[in-house]
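Structures given as structure tokens follow.
Below, chain A partners chain B and then partners chain C, in two separate complexes.
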Partner chain A sequence: MSTQTQAPAGSGRPEAVTTTPAIEISGLTKTYGGADTPSVDNVSLSVPAGTVFGFLGPNGAGKTTTIKILSGLLAASSGKTLLNGYDVTRQRAAAMQQFGAVLEGSRNVYWTLSAWQNLLYFGRLKGMTAAHAAARAEELLKGLDLWERREESVGGYSRGMQQKVAVAAALIADPPIVLLDEPTIGLDVEATRTVMEWIRTLSRERGKTVLLTTHQMNVVEELCDRVAVIRKGKVIADMSTDQLLSQFRERDAYEVRIEGDLPELSLPPNFTARRVDDTTIVSGRVSDPQEVYTLVDRLRDQRAVVQSLAQVQPDLEDVFMGLIKGPAHD
Partner chain B sequence: MTTLTPTADRAAPANIAQRPGAATYFNGFRNEVHKGLLNFRAGWREVVIQMITFPVFFLLLVLFMGRGQLRDEFLLPGLLGMVSLTFIHEQVNRAFWSYLGDMQSGVLEQTYLTPLPSWTLILGRQVAAVVSALPSALAVLLVGVITIEVRGGDTPFDVQILLPVASIVLGTCGLALILCGLTLVYKRIQIITQFSMAVWFIAGGTFVPLSNMPDVTAFLSRLLVPIAPGLEAIRDILVGGDSLLGLTTGWGLWWVILQPVVLIGIGVVLFGRLERVAKRRGTLGRY
Partner chain C sequence: MTSTASPAVVRPVQPVRTDWKLTPLSALRILRAEVRKGLLSQLAHPMGHIIMLVISTVLYLGMQYVMGQGTLRRELIPQTLVAISGYWFLHYGSLVMVADLVEEKRGGTYAQSQMSPAPPWVFMLGRLVTASLAGLAVAVVATLVPMLVTGVTIPLNAAALVPYALVVVNVLAFTFVLAAVAVSSPMVGALHSLFTSLVILLNGSMMPLALYPDWLAVVARFLPTTLGVEATTKVLFDGKSLGDIWSEGTLPWLLAYTLALVLFGGWLFSRNHRRAVRDGRLGQY
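Right after this comes the complex of A and B.
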């Protein structure tokens, strides 16, 4: 999916261009004063409009730094960031109208104010008229089941409700891009599910571009069309979620269950055995499936009772862990 | 299940302006003032306590100065000093804590995600802080006036004091801008803010007129302390009977006008620079 009205950086106004990424980052580098190594090192990403983009990485990898540069909250050392074609640094006013953000680890909204007051405040902060902000706030609060409690201070809400208000504040101006930095952190299962449904609705029904960071791989696997993994400030993977999973599927894992103890035999490299109750599970990765059949034959030769042989498909968490534990890609 | 009903069948906002218009600036400013006043209203209990404690503090000070008696010669000059001190204390603290509180809670970053330039919001915060400082300062004034009147004294008023009052308000805003800018970068700055209040109390001429202080102290106070020239002028007018053009103490009318302008100028420049430093260092949301 692509946007219809876009603004090439420096043009001063949007022009009709066929396809411009909703988010474009090129050569982004950020080195904090006093640091030897950059927190974000020559990162380039392109996020097509209308997609849910998972931006993953371990703590301290550079995700939040990248998002803050995208939001104009942090100045980059070098590189360029464009939101719907607007340069965040040089065309700040227009760029700020392209997105709403829920930032990680912060309240995002005023707890002393009510949900209603917060949404009106952030709406007008985004340049909306009072009437427009009120109409939009009403719509959002009703949609998020907060309408009845709109006059209560946000500080008195549950964590999930507070996060709902934060998301509503990010959406108040109906921005085409939504940056969600750990939106489900600290939420219970139900609230997490609600946030996931919002993200799905925003993308699939509203055509929004969502950039999402989270450590919950099930959320990513379920929602994200595309994933980038950042480690030590460098992007080490950037592809569609399916591609990422299929790439790792080439190195499929297998699991052989045998009854009782493991007979005396040498396992292939990358294979381990563990005892679970009355069963021994022998598992590992192979490059050629024939190696597994050879292993099964050897087990049978040792009179082991093979209960099952199964191909273990890697989930995104396995892929992610494999990526971030692997050698750095320079 | 939560649903989000679209208001429009598109993914982009209707109006993408390179720069917001004047009405948007004004609405942003008004929005900031409104938010500041809502926060002020939310903390009304604290305001009520301050409206009691500041006047009590004033009366106690005058009692101490009068060796246990409310003496007329200390009441009016002391009242003028205490009203100014209460104002600067409240204004600076409210502006300062609006920034530090927002940083600590993590909301400050959200307030930067706006097409509006930050000066619009800063101005709004300052105006909200000025308005929020008024109840405590007016409570001191009211108690002081009642005390003077009950004791059979006369509370003078001269319209000429409006200019030095404006000078105090503007100078205080300049100081608040400097402190707010510093807090964007340096997290322990509240120590300086609290310490500065002691300085204003001692060196601001609030209870001991600058003319009774050592020359160096009086010079530095007139030069740097936002309330000092204005307060000196108010005393000259209301107690000494001077006119604005013939102020007998201090450096005269020109400094009453120039000092707040200089402080505001320094505040604006410093805030802008420190804001850029904060964006470079990533301290807007670090606490």
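Right after this comes the complex of A and C.
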């Protein structure tokens, strides 16, 4: 099974082009016993190799269920999941060699063992020879700044260091795909930054495919080439991060700042005004930008001193909230 | 505000490894890693094992002292020592197996170990070996210390190794049964307590099975280790040969019981693992 990736010519965030998607999910459905509705409902996703793919959704949306199915820890009710072309159910041994995973709410590694012992153990579990696992463990521990403390038991590490060991254990066999379920949850700013740098390095320099779930939208905006949003088990958006943001820019918000009080005039629908110190900020969404210019003209007619007019870009959190609060896409 | 990731420099991925195949050698390598990990984990907290070693010797001697109404009845010690060795092997081996499994399921490392190309039973066998070594250590100490304290010895007879080997298989199979329960239920601790209490009461650790009422002896034979202990003591102390215990039915029953327990353990693990994968309880309860 061969996978080739390349960056297409052109500017901006490139899309990886690949002959075989690193992760391919088609018609995936999972209904737990006793449940009336599926936790994952006919989900189809294709993740090109070499991309960082953000898989987002509110709690209980189906993210972890999907990751567990990809990891072979949970059987799907129907549908197909392929890792580098290998069917997780039917070609389990080959599929298990395609990925490493850090699961949410889980220790992932043995706290009674040292970082070194953990990495050797997980390396052997993935089918590596002892010598190969040792060489790789050394490389990872040095890269993660844990080499000097490799013989200490992981239980004595800080939360950030423990998460680093979990990431290292997922990478021990140098898998082409890395599944990270909330990898930065509970980490302090510095540890979050370290993990994010690693994810960036994995994708940009090592060509790994990273599927990432997180509630931290800054992490997604900074790292993810592509984003899928899942709600109530259904994928309601699946596009590049830039596309997602630009799609929502079509409904852009505007902000007009004027000096002092707002003059007596009726604001357009969807607009509100609030006073901040000596300034009044009038903001709202418009379907046609001309409406904003009309508003500015009306303000000037009332002798208001317009300080600025700006287009407010939505960030990913706005987009995410808009998507998950929107009507269900049944 | 929006900040976008820097343009990716996507490099070719590493050659995809798909070379792992289940062979005796590959399974043995993973089993060895599992045993090594298990032993390292056990040795990280030695105090629990040391306390258990002390308890195992004190409990037996105290029990015999009470049963002898204030004296140690030396004629009963060799037979009951055979039984108590089986009990401690069962009790501690299965305790280590089950406690580790429950803890790992709750901690998440059990789920991690399942993301391997090797089938799940390889890991369970590795765990079984580790737990057996812990159980064996306690069983050996629990047998040797009372022998040293009382000066009583157990006569050596190579023929007795056959039924005692079946005691060992009995114990391993029963431990596997409990482990299979632990895959799907954290309440396995109650089951462990129930069965091991019955075993110490009825497998001949307090007094030889021959001294029990007939109906109770019949019930006792349905518990792990009892049939094996009975067959072993017949060879060691009653001068019976393997042919004798075969023809009188003890050995065939022991073989049948052991085989049934092994098959039941394998079936239960397979069933519970499949259900855990279906219900999403592989990494949690």
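The rule is short, and it goes like this: the second predicted complex is superposed on the first by the 313 of 330 C-alpha atoms of A that agree within 3 Å, B and C clash if a C-alpha of one lies under 4 Å from a C-alpha of the other, contacts with A are read in each partner's own complex, and residues count from 1 in each chain.
Throughout what follows, a contact is a pair of C-beta atoms (placed from the backbone, for glycine too) under 8 Å apart; a residue touches a chain by one contact, two chains touch by 3 or more.
Because the structure is a prediction, the values reported are computed rather than measured.
In this overlay on chain A, chain B clashes with chain C. Residue contacts after overlaying the shared chain place A:Arg204 against chain C, while chain B stays out of touching range.
When the two complexes are overlaid on their common chain A, residue A:Glu291 makes contact with neither chain B nor chain C. In the superposition on chain A, A:Thr112 makes contact with both chain B and chain C. With both structures placed on the common chain, the touch criterion links A:Ala101 to chain B and to chain C. In the superposition on chain A, A:Leu223 makes contact with chain C only, while chain B stays out of contact range.
Contacts of A:Glu255 after superposition on the shared chain: neither chain B nor chain C is touched.
Of the two partner chains placed by superposition, only chain C is touched by A:Asp315; chain B is not. Contact with chain C, but none with chain B, is seen for A:Val52 once the two complexes are overlaid on the shared chain.
Of the two partner chains placed around the shared chain by superposition, chain B is the only one that A:Leu144 touches, whereas chain C remains out of contact.
Overlap of the chain B and chain C contact sets on chain A: residues 3-5, 7, 12-14, 32-33, 49-50, 65, 68, 71-75, 84, 92-94, 96-101, 103, 105-113, 117, 121-122, 124-127, 153, 169, 173-174, 176, 205-209. Put simply, chain B touches chain A in their complex at residues 1-8, 10-13, 16-20, 24, 27-28, 31, 34-35, 38-39, 42-43, 105-107, 109-116, 121, 276, 279-282, 284-285.
Chain C meets chain A in the complex at residues 1-14, 16-22, 26, 29-30, 32-34, 36-37, 40-41, 44-45, 107-109, 111-118, 277-280, 282-283. Across the complex, chain A meets chain C through its residues 1-7, 11-14, 16, 22, 32-33, 49-52, 65, 68, 71-75, 84, 86, 92-94, 96-101, 103, 105-113, 117, 120-122, 124-127, 153, 169, 173-174, 176, 200, 203-209, 221-225, 241-242, 245, 313-316. Contact residues of chain A toward chain B in the complex are 3-5, 7, 12-14, 32-33, 49-50, 65, 68, 71-75, 84, 91-94, 96-101, 103, 105-113, 117, 121-122, 124-127, 129-130, 135-136, 139-140, 143-145, 153, 164, 169, 171, 173-176, 194, 197-198, 201-202, 205-209.
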